[in-house]
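Quick heads-up: structures coming right below.
Two complexes come next, and they have one chain in common, chain A, joined by chain B in the first and chain C in the second.
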Partner chain A sequence: MEPNVFEKILTRLIKSESGIRRAILVDRTGLTIAHASKFSSYYPIDVEGIGAIASAIFVGSEEQGKNLDIGDLQMVISEFENGKIFAISCGQGVLCLITDPDVNIGMIRLLMKRTAAELGKLLDEFLSATVSIPVEEKKEEEEELKAALDALEQL
Partner chain B sequence: MPRVDPQGRLHFKIVFWGPSLSGKTTSLRWIYNNVEGITKGRFVSIEDPTGRTLYFDYTPVSISSKVVFDLYTVAGQRRHKIQRRKVLEGVDGILFVADSDPAQLQENEISMTELRQLLGDKLGREIPLVVLLNKRDLPNAVSKETLLNALKIVPVNIRVYEGIAIRGIGVKQAFKAIVREVLWNYYQRAKQQKAQ
Partner chain C sequence: MLSEDVIKSILENLGKMEGVKGVVITTTEGIPVHSTFPPDVTEKISAFAASLLGKAKEMIKEVGGAKVTFITLDTSEGELLISSEQEYVIAILR
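On to the complex of A and B.
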């Protein structure tokens, strides 16, 4: 799989509708897989922290739906004074968009559903591929683990 | 199993578990503020207006360029059971923070029982466990033996540290121990996998 395939899809999504500021893809354990932002909205944010919260809120809401027996969660929309956050399930992950407050909600829903279907397949492929790493990469990984163990002893 | 991000970094998830007010957040904050030689991300907390953890605290730290530890605490209060279960998804190691206050003995036991129910046989085997007995400075602190008995922990199999989280005593040692066990555990499993 191309290493920046997720960023490309997220960037395309941002460009497809005005008002989308950022897009973040996370897995359901809180790990940020990819993110993209509009140049005009670029300022340093804690993407990993935002990803962890986005994932937690989505899986928490899913659980709430299960407990109340009201079916699968379609989308989470959080409305703020100066923006909106949309989150939708995509395979083993969650796609999250941060938008301007006056964005076209119908269009965002449509775009997110389409993109989630595309991303979901790729993400499932990516997450399952990381479980079986090729032997040559294993060797590299072994070195990294040794380096980390050495660094730990220096703390 | 750790996760690999698109940059090729290995992410291990370590969860600080334990009953309400046992010192999970205090321990994580102490590590965040005081341990040098690790690269830290931001400290994220979802807490209630009184400062008690409502969902989790989270911070990513790395000790080498390719290995990241995603450190989480859970909300200890009983009513947050569902949130705890969610935070536990994908966990690679547990640092159990126990409370030495005699009044909290049963809460320690309940918390450990819940953890065992959620992780089953994996706890202490596939998912390493380290125990930090916190608040050892309490004048009426329960004995180490009583606390370990309540937790059903045999110190021969599980690393146990005594500490005072607000002063950082024992915290770094316990943190290093769980990180070491998580790395070592994965290293051994990766080696076995390679040999097959």
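On to the complex of A and C.
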């Protein structure tokens, strides 16, 4: 997979419509996978925290939908006095956008749905990839562990 | 505010006019209110019509400050008419 592919997609999303301040991609446990911002130096925020809260809200709402048997959750829109937060499901993750208050909601919805479909595929591929440790490295690690255990036994 | 029935009758009357393929009523935020198109087409037309109107208003404000009341888009396969009043936008494809 191309490095920084998620950041590139998020940056393209931010550039596609005025009023988008920040885009964050998180997994369902709240871990931030990637993020992009239009004015990062002007709006210093805790991206990890925002992403974790957005993911928690989304997963919570999803659970409510399951309990009420009204199907899968597609999007959560939180409207504030000075901005809006959009969250949409994308495969095993959640895409979160922070925007200005007077943004075109219809356009943001459309852009998010398109981007979520693209990100969903990549994210599933990214999360299903297994990291294999080379055999030599494994042997070295085992030897180090054995040496450490011997040292402990001698004590 | 207009009632649901009145809006439906307006849409039906517009739909009966010669060459009209469909009508969408949306908010200026691009959220569809009523439509004669399928949901996916409605979503696209609403978003782009509201966005286009917003851009046109911005441009007109920069050059003179007049009020934008109507936009006509001529295409090779027909035309798109967009009109706005207060917080609603109507888009007609014909």
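The definition used in the following text is that the second predicted complex is superposed on the first by the 126 of 155 C-alpha atoms of A that agree within 3 Å, B and C clash if a C-alpha of one lies under 4 Å from a C-alpha of the other, contacts with A are read in each partner's own complex, and residues count from 1 in each chain.
One rule holds in what follows: a residue touches a chain if its C-beta (ideal position, glycine included) is under 8 Å from a C-beta of that chain, and two chains touch if they have at least 3 such contacts.
As the structure is a computational prediction, the values presented were derived from the model and not from experiment.
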Margin query: Which partner chains sit in contact with A:Pro101 here, chain B, chain C, both or neither? Use first/second/both/neither.
Written below: neither
Note to self: I'd like to know which partner A:Glu48 touches here: chain B for first, chain C for second, both or neither.
What the structure shows: first
Notebook entry, point to check: First (chain B), second (chain C), both or neither: which does A:Gly65 touch?
Noted result: neither
Item checked: Touch count on chain A, higher of chain B and chain C -> B
Note to self: For A:Leu110, using the defined touch cut-off, is the partner it touches chain B, chain C, both, or neither? Pick first, second, both or neither.
What the structure shows: second
Notebook entry, point to check: Of the two partner chains, chain B (first) and chain C (second), which one does A:Leu127 touch, if any: first, second, both, or neither?
Noted result: first
Notebook entry, point to check: What part of chain A is shared between its chain B contacts and its chain C contacts?
Noted result: none
Notebook entry, point to check: Residues of chain A touching chain B in their complex?
Noted result: 3-4, 6-7, 27-34, 46, 48-49, 52-53, 56, 59-60, 63, 67, 126-127, 130-131, 133, 135, 138, 141-142, 144-149, 151-152, 154-155
Note to self: Can you tell me which positions in chain B touch chain A when the two form their complex?
What the structure shows: 1, 3-6, 10-11, 13, 35-38, 41-42, 44, 46, 55-56, 58-60, 63-64, 66-67, 70, 72, 82-83, 86-87, 89-90, 172, 176, 179-180, 183-184, 186-187, 190-191, 193-194
Margin query: Please output the residues of chain C touching chain A within their complex, sorted ascending.
Written below: 26-27, 29-32, 43-44, 46-48, 50-51, 54
Checklist line | In the complex with chain C, residue positions of chain A that touch it | finding: 17, 103-107, 109-110
